[in-house]
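Same chain, two partners: chain A is paired with chain B first, then with chain C.
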Partner chain A sequence: MPNIERRDFLKLVGAGSVGVGAGFYLRESIKHPMEHLIPHVVAPEDFSTGIDTWYNTVCSMCAAGCGISVRTREGRVKKIEGNPSHPVSQGRLCALGQAGPQVLYNPDRLTGPLMQTGERGSGAFAQITWDEGLSKVADRLDLLRAAERGNRVCLLSQGVRGHLAQLFERFVDQLGSERLLHYDFDHPHTLYAANQRFFGEQRLPYYDLKNTRYLLSFGADYLGSWISPVHHSLGFGHSRQGRPDVRGRFVQIEPRMSLSGAAADEWIAARPGTEGLLALAVAHHILSKGYYQGADRADWIAVLAGYTTTEVAAQTGVPAETIVRLADAFAQTQPSLAIGGGSAGNHSNGVDTLVAVNALNYLVGNLGKAGGLVFNPEPAGPTTHPHQASYRTMLEFVEDARRGNIEVLIVNGTNPVFTLPSAAGFAEALAEIPLIVSLSSFLDETTALADVILPSHTYLESWGDDFPEPGVGFPVGAVSQPVASPLYDTRATGDIILGLAQRLDMNDVLPWSSMEDCIKDGWRQIHERGGGDVRTESFESFWRAVLTAGVWGEETHRESTFTLDKSVIAGIGVQAPEFSGASDDYPFILHPYLSTTLHDGRAANLPWLQELPDPMTSVVYGSWVEMNPVTAKGLGLTEGDLVDIESPHGRIRAPVYVYPAIMPDVIAMPIGQGHAEYGRYARNRGVNPIEILSPQMEPQTGSLASSATRVKITATGRRAELVKTGGNSRDLGRNIVQTTGAGQHSANLNSIPITVIPS
Partner chain B sequence: MSLLDRFTDGWRKYRKPGYYEEFDYHWAMTIDLDKCTGCEACVTACQAENNLPIVGEKAFAEGREMKWIRIERYWEGEYPDVKLRFIPMLCQQCDSAPCETVCPVSATYHNQDGLNTQIYNRCIGTRSCAVYCPYEVRYFNWNDHQWDAPLEQQLNPDVTVREKGVMEKCTFCIQRIRQAKDHAKDDGRRRVRDGEVQPACVQTCPANALVFGDRKDPNSQVSRSMNDPRAYRVLEELNTDPSVVYLKKVDAKG
Partner chain C sequence: MNVSIVPGLRALRPAALVGGTLFLGLLVGYWANATWYPGTSPEQPIEFSHRIHAGENEIPCMYCHTQARRSISAGVPSVSKCVGCHKEIATERPQIRKLMSYWQNEEPIPWIKVHDLPDFVHFTHKRHVSAYARAAGIECQTCHGPVETMDRIRVTSRAIDGSFQLDTPWEMGLCLNCHRQHQVEHGTDCWTCHK
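After this line comes the complex of A and B, so read on.
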């Protein structure tokens, strides 16, 4: 050290330590006051250092309602697993459910109430207090209610069930509004309508995959994204290799091979929208072969006359021999089961198609028996009305908003700016709404346009409950409890609504001080009603037992008698599907599908799922467009070539993925990417195919016929290498995946006890 | 006995089939390809359990992803007669593991439970093991990885967070095995019960395709499953003697 004398050196050291000290005190002074406290001088009972504490609660990543067990350590969530006692998940969980901790600990969560200070969408937000936020909203609601214009308030939520749904219903009712909408892109409207028509009930039945010997699936990706994938997978595994001497056979009919198509024994490509015709041809063969001998046989023969296997073969592109073979196997292998949904239901003939699938179950006697289709009893939870908004309902809402009939919009969890086609004009309509309030935990595309953000807890911090729909053949309920203390200054959705209700003096109808109270009160009624597998004298012990088990169930079953009205038979028939866009201008049919990893885009902000290869293509972090090898060759395209995908309603750009299992005139795109907001992991990645969908509807339900858009493909001459796992997509004689003939079957070697449907 | 003799003797004993008879456990896994749906729940479960990092798009494109278990996919045939076969691929815990013999610092070795283990603080990052592994299931940390706050709060305290320059791979969730052994000891039992310990992938598999257990117990689920006529090992001709056994997919068309 030249030129520094001892005295200078000491001075420097002195200054340094003062600096260090000042830094320390500065850091201490800006800490949150909570951090100064010595935590847990007397630790809570369930908190001991180094020991895991597991809590049972309910997964909210999709609508299946799986029971989960959450491992916490020192108050932090470490891992989520399925709750072994819950009949839906039975200890298992999908990738989406496993990624739950990243929802809680997501770096892009909203940390407290915000108010938009700039223009909408400018991203300029200022922090406000809960009191300010709630008062601002409540004051406006109060004015509207007093002026008897409560109907100008709309509560637009993701699909919710249980007591939160009831809370929403009462709150909106108290405001004097009828506008309570649940909107989910993946809600199976056509399936509900088809079951309503055929079975006369607005409840989905239980599909007993576990005991079936032959499954015919029309477009339903039951293992990937349809209704309850974890439960279906359990059933699939058991049906395949869980029973002595019986191996279930699975047939998948869809224009593009899905996860379920890959797992099936046979994948059959039928032209998009002709799945229902195929079902009716199968039915025709069942009748003409005399497999069905019911009293209404003559009616069936009359109504199915036009659906001979040869005629339908020409329309569907499936050879007549194949149809005959399927029909023979379906009728002769008992119990069998036909399910329909997904893309098959998302056409202009969606309801008729799914009615035809129901007819198959009726004709071979699959109704109400193990291995077939089992009717669900009344759900145990509070009775609420169906609020799921179809595309048509959303259009009506958009129209109302445009006319200035909506003054306050409260959005909860749903993200229609992302999950509605741009043709719907939803984002533009929002501009006409004077006050938009979002209760989302994340700054998604819809929330970015909100004036006031009152952020909700994540599901791992909230009280709630769930009664899975469809049920599992008997009534099941589960309480969702907080497994970690709130990370930020957020509140449970129910508490936000109750906070507003208190400011609006709704105490007589919404008397609860918190969501916990509300849930507890609801479950008190379940306890008083009796029944169920938890029987205790006092409510407190019942409550503790339900929380500990994480699930509550009743042993009641529905009578399985079912008589079909003749008028239903007369109404059976499937029209050819209608597509928007002329086939000359738009030669390809766009098949958008829910991503197995990102679902409808809700999981795009979770890095684990962004980096989880798509099961079928192994692509990560982006969008792609799947194309038959012959089609790609004809267009001179190879993997990674950027193309424009243009519908009559918009254009997006994505790289080509040459996909061996898709029809030549169909192109497929995964939904999930293409976010403009929604945090650092989701933003500006890939494209959103929902954007360019034509506003074609299924006329009976008004739901979006999302598989009915025609598109054209234009090469851009540019390339974008797809990011995916390496390796060759062919085995090349290495014999890595070995197969064996159908004769070999292992009897009950690794089955697990499944607690569903005692026969 | 010379030092060299003692060494070769020990070596031979260790390479001898049946070496594990002297010890309590020999962990093994079976994967039923007729049940596997390729849903990748196992991949995410492993990521959550074992503190696997997010490498980011750029590193992923360079083939530097970290997934101790992955789903491989192989297309067969051409449209319309086309099939996609999935196979979960993880460390096969070979009993004659090529990766072990090649490591210059013995950072990877075989423990007495039949596990192929990796000692992170011994690893010097030559990556020879990854070259020798025919299953390509060893993953090298090319970078120090970041967890954007507060994602790090999820990290499993029972598992090390690895740093740059270290090789890593599937451990059969050794932390869970240790915990199960501890519980057995606390309960005064000598052995862990069948089904008491499950790696994260086995635990979550929605189709119940994966079975894990002790193959020294002839009545364990995994032992019974390994005796299935459909059982085979991947790349068996290499004589690596894997502890992961696959059950053939039944191809029942027609």
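After this line comes the complex of A and C, so read on.
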């Protein structure tokens, strides 16, 4: 036995034990981690583990009202697709709609009622209970109502439709207030007004892109963001490729090429605000060529006398030959369709411009027929268009608030601090309102200034219903049902209002105990009225059928004989657009456009959409300013140069993106970024062009002429590399786009062996 | 000059000895863990016995695991299902009392998962208990081992030669082996299991 010293012995024992321990834990650490199998206490009836359950409901990410089918697994939302039975979306969906789960699972959602404890905007909030929150608000409302000062309460909401709209109306009315405002930056006020003037209807017609052969679009980015992009995309696809013998032609007239411009057969840049003049020149040509032979022909000739193609060519910058060509094609290709909106409607002459576009449809006989413009029937349920607040209405509100005439403001879903120009002074006016209550699900810029936050469910957790506007030519309604149990201590907007109503004893006009009740009650009436494709004896089976299908409707077509009033013809005419700011000081016209992904900024908190490249520039995560190469060269700028964009009302800073498809004196910026609040994904990213817009209005509607701001550009000498997925837009000898001469091409064609596959 | 490394080595000897012991210890520790704590048959919150239920009482597997024929997962029975029988049966046993206390507290039983495939494997029970599979002689036991003899469930798989191997989880080769034997259509395509 070798002699071993005590010290060495202890060393060895130590090493041995450390080794054993380490070995034990080594294996322990590479073991499969323990997982649990948690059973239900009582098995649920509406799903089975591991099996998808689909629920049909309604997308609420924009005002189009597409039907969606939500895939859920074990009671959780997994994926959203389009509802194939819904006539608006027909199984399709846009990027915004797809991103719905990120609204539900957003880490920045408000998880329960809050009360501001510090200064407004300090971000110091304390949790309160629903009872405390509702009582606090109800008590104040009760006092005001008792003192007959109910009109000092304002409910300011995003546009909502269906029975929630009705609930709002009744609630505000019961308070004795007339201040029910719906504010959305993108609400097409001028389009409604133009249709009211021309057709005498306060609703949008159905634009039948699907069956048209020739589309003239004046500024309406119908594939990207205009009114109902998913439905328009379906129509566009069908018109282009869905018919064996015809391929629709699409012409887009706008100063900056949008997604629709890129998809069109022809993109024509008219000077901003002159789209209406162009439309009238087309009309002029239609009349002078004798394409129109109606009884009121003489009236038209008289009113259009000043809009000859040559004159208008000079004003719009579009050559007279082009105008003639468009007019000929538009009149001779039947059915054709003219639509107008977007930037064309957002000028000081917006309504007149869109009336001129309607006139085109009238003159070539596109009204009330397939492939043209189809009149919509009365919607089957409540809508809120009458309460849509224009910019002027919002200014009046601001003025009232400043004078101390507003004592309680309840904000639901809309975010005017972000979507109103700073010139409106909305945020400052809020300071004069003693109590601001927000029902938003997120801490957006407006909610950050609220005193009490009663957070609402997301649309995937709430009951609701919708009657899409514009409709699809026949009555459609859809019920929106909760597809997941609420994740947090939030409540449906309707339930919050009902909670207040109960505390204020409004039971006789608002008798429902919950929003579900209210919706069901509304649909009971629809069932009793009859009609629609679901016909059942009992309401219960009707209700089940509607919930299962997710939609209710009736494919009938409204017979309409349209006669135009002579006074309308006499009122036709388009003034030159007005811009604010002198053109010497502010040489460029700012063209702000709704982002295809972030919309008006409401989707900036969804990372999927932040990282989705803009379809035209491929830029992600930020703002940029689009500039014609000639302009950029003149200013000595290249892509990524940071510039200051300054209007008479403010200044923002963004990097340049050199964009060939924009007029040289126009610069374009996407709306959507530039949030100061609204969660981790939205905050401090890019800039908000709405901020610097001039308070120029369209005088008839009072809506914001958001495309009528002049700006100047100053280089800062600094750079910010744009994050984008696109590489260089030039070929650089890489032979990516291969070209061949015409002669060579036909020779090639003849030599290509063609195999005919028998069907 | 004579240079030798021997003195140097000699000086290193104590360190080598310590290192060697450490390494030996490591092996012993690893082995001990693998032998006595294989973790392939974890103790469950309730000592539920498949031997009594599936073996002695011959309750069909899918009486409790109702999802297997319809879903990717076989599903564990809800607490109410257990209570459904045990309201009447063996109510005095301590384990049943435990079950009842879960039931009264409206709490789920936190069973520990024994058979677990990695997340990158798309396995569906539905296919493997379909009429085709049954016609080919595939039973629950084919993959899960002789469950009806086990008091506590233990990881089991089937070796290439068809014998059960206890404490050894399923691996790709074993799945493929069976797919080949039964000539499963697309049974060896990557995308069949990895999608």
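The working rule: the second predicted complex is superposed on the first by the 683 of 759 C-alpha atoms of A that agree within 3 Å, B and C clash if a C-alpha of one lies under 4 Å from a C-alpha of the other, contacts with A are read in each partner's own complex, and residues count from 1 in each chain.
Methods note: a residue touches a chain if its C-beta (ideal position, glycine included) is under 8 Å from a C-beta of that chain, and two chains touch if they have at least 3 such contacts.
Note that this is a predicted model, so its numbers are computed, not measured.
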item	value
Contacts of A:Gly224 with chain B and chain C, given as first, second, both or neither	first
Touching partner for A:Arg73 - first (chain B), second (chain C), both, neither	first
Touched partner set for A:Arg719, first chain B, second chain C, both or neither	neither
Which superposed partner A:Thr740 touches (first chain B, second chain C, both, neither)	first
Contacts of A:Ala269 with chain B and chain C, given as first, second, both or neither	first
Touched partner set for A:Lys633, first chain B, second chain C, both or neither	neither
Partner, of chain C and chain B, that touches more residues belonging to chain A	B
Footprint overlap on chain A, where chain B in one structure and chain C in the other make contact	50
Parts of chain C lying in touch with chain A, wherever the complex brings them together	14, 17-19, 21-34, 37, 39, 42, 67, 70-73, 75-81, 102-103, 106-113, 116, 125, 169
Interfacial residue positions of chain A with respect to chain B in the complex	50, 73, 76-82, 91-95, 97-99, 101-102, 104-107, 223-224, 229-230, 233-234, 236-238, 240-242, 247, 249, 257, 259-260, 262-263, 265-269, 487, 596-597, 607-613, 615-616, 618, 620-621, 628-630, 660-664, 680, 721, 723, 725-727, 729-731, 734, 736-742, 744-746, 749-752
Chain B - residues contacting chain A, complex	30, 32-41, 43-45, 47-49, 54-55, 57, 60-61, 63, 65, 70-80, 82-87, 148-157, 200, 203-209, 211, 221, 224-225, 228-230, 232, 234-235, 246-253
Interfacial residue positions of chain A with respect to chain C in the complex	8, 11-12, 15-28, 31-32, 34-43, 48-51
